[in-house]
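Each of the next two complexes has chain A plus one other chain: chain B in the first, chain C in the second.
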Partner chain A sequence: MRVAIPIAAALALGAITARAERPADFEARFAAEARTADPAFAGFSAERGRAFFTNAHGGDWSCASCHRNDPSVVGEHIVTGKRIEPLAPSANAARFTRPASVAKWFQRNCNDVLQRACTAQEKGDVLAWLMTLPAKETR
Partner chain B sequence: MNDRILVWDLPLRIFHWVLAASFAGAFLTAESERQRDLHLLLGYTFAGAIAFRLLWGLVGTQHARFSSLRFGPAAIARYLRSLLAGRPERHVGHGPIAVLMIPLLLGLGLVVAGSGWATYAEFGGEWMEEVHEIAAVAMLVAVVAHVLGVIAVSLLQRENLVLPLLSGRKAGAPGSGIRTSRPLVALLLVAALAALWLPGLAARERRLAARGTTAAVAVEVGGERANHGD
Partner chain C sequence: MKLSIPVAAILLVSSASAAESKRAPLPPAYVEECGSCHVAFPGRMLDAASWQAVIGGLSQHFGVDASVDAKTLEPVRAYLEGSARRKPTAGADGQPLLRITETRWFVHEHDEVPSRLRPGGAEAVKPAECGACHQQAATGSYAERDIQMPRKGATR
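What follows is the complex of A and B.
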């Protein structure tokens, strides 16, 4: 009995910190951040997201270098050759459900492609585009 | 007493600097996917070095063996007191603090290497990454403590403790040294390193050359798309 309370507390804490979210939750958060950054924020655009994703921004890599021009299929790491599961939520239900993972990889990948962090506008545009992609793989 | 005697065998010296270099290199290549292949190579090197050290602690020369680390709490306390009093006790091989530092560094190293490998193999997921990062930072703290400790003891003892890790030799009573620096094992160690790094670096070169072409395509496609967006 005495251990039940700490265990319940630990489970509750775990549930809070590791709470699974949905892609729409991320979109809402990016929208709030984008509005704070720019009061004239006028929503996200899937078309802008697609252009951003496939553009090398003056460098040698784009997001598509690893995730492909169509991120609803399996990608391949351009350096290690390792398989990367599809990024589109329709093709991979695990995408945009874990805040820590999304934050970590946006930071790493944006730094590698753009040599800077992505703005909330850019992240939201990319997510808006990814959410429009239909599933290609039946897995 | 002032004879230069052989204390650290060659494989042990190679191990020490390979471990230090691979740890530093892995830290420097941790933040970017561009160096992910180097980070992996450095990680395998680091793991291999620790595996070798564990083996060498059992079958190496006298001062490399873990059996030379028989110091209890009393011996550690006496040694620390001698340092503070400015009359440091001399030890030909490892001093009593090594009994704490060696297991700490090798233990943390095992956690870092194991969790890094598991992360890459996708065992465990996010918490495994977390373990990898926390253990690596803990090891960095231990390494800094190790380096500061060596500097402090070198000053207090008026004896450079780093040089013997290159030359193998120290001042000491004749007869307390080792007879051979085990060059054949050292050669095997260098051959194992070459077998890992030469193909690894060749593969990296091939990929970089191939990327030249894919990058050009990506820029072209990107530029075209950008124009559409305007």
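What follows is the complex of A and C.
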């Protein structure tokens, strides 16, 4: 029994931390947030997401600076040269499965590109586009 | 007596991380948080004051937002401070250096690097791209035997 408590605790912790979600779960959450922010919310647009992703928004970098214009391939950090695994869920099953990771990277990278947080509409548009990208051979 | 084993284990772990062990694997939390945008630099590359300055400025980390929430940051801080370089890595002005490439030890260790691979060179390697030559950089090993410089004219 002495052993049972730590194991039970570890299992419970594992259940909490390992609760994987799917990209569609994030899309639904962004939609709910966007609707709250704007009752006239009319859904996400993959084309708007693509344009947002590849636009530098008046700064030096776009999302595509590191993730490529086609984020179903391997990217590279523009400053450090570090390999960045594909962002499109079709090419990388780990993407858009962990809420903490998704929140962290949108916060960091939106600040890097836009010097502000992204709106739920913007995040949903980008995700809608990413979800349309077919898997490709990664180099 | 029942308590003694966990306590001994904790002591063992903490003394191992306090010692500067070049072979200890990098903690997963550190690799996860800091190794996404650049190779996870071993703690021994900067002194504790330099790491504290880096950690204190993560929301403006060399021009990018690398902020980490407080809870996630704790194991990162513990690793870096526990494995930090003992010799100081301050600049000429006495302030802690943030760039590893500006430390005296780094400059000294890299004085044999040919100019073609240096900044401005024809085949310049990015300063944070340790893995271009240090084949095991991702695991925290920078041993001489693992160094392989890109050949002249090799496209990377």
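Simple rule for what comes next: the second predicted complex is superposed on the first by the 127 of 139 C-alpha atoms of A that agree within 3 Å, B and C clash if a C-alpha of one lies under 4 Å from a C-alpha of the other, contacts with A are read in each partner's own complex, and residues count from 1 in each chain.
The rule is short, and it goes like this: a contact is a pair of C-beta atoms (placed from the backbone, for glycine too) under 8 Å apart; a residue touches a chain by one contact, two chains touch by 3 or more.
Source: prediction; values computed, not measured.
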* Structure fact -> So, after the overlay on chain A, do chain B and chain C clash or fit? They clash
* When both complexes are superposed, which of chain B and chain C contacts more residues belonging to chain A? -> B
* Check whether A:Val79 is in contact with chain B, with chain C, with both or with neither, and answer first, second, both or neither. => both
* Is A:Ala51 touching the first partner chain B, the second partner chain C, both, or neither of them? -> first
* To do: Based on the superposed arrangement, let me know which partner A:Asp112 touches: chain B (first), chain C (second), both, or neither?
  => both
* Following superposition on the C-alpha atoms of chain A, which segment of chain B from the set 131-139, 149-157 or 221-229 overlaps chain C? -> 131-139
* **Intersection of the chain A residues that touch chain B with those that touch chain C** => 77, 79-81, 108-109, 111-112
* To do: Please give the residue numbers of chain A that touch chain C in the complex, ascending.
  => 2, 77, 79-82, 84, 104, 107-109, 111-112
* To do: Would you tell me which residues of chain C are touching chain A in their complex?
  => 2, 36-39, 59, 62-69, 125-126, 128-129, 132
* Structure fact -> In the complex, chain B touches chain A at residues 31-37, 40, 126, 207, 211, 214-215, 218-219, 221-223, 225-226, 228-229
* Structure fact -> Within the complex, chain B is touched by chain A residues 18, 47-48, 50-51, 54-57, 60-62, 64-66, 69, 77-81, 98, 100-101, 108-109, 111-112
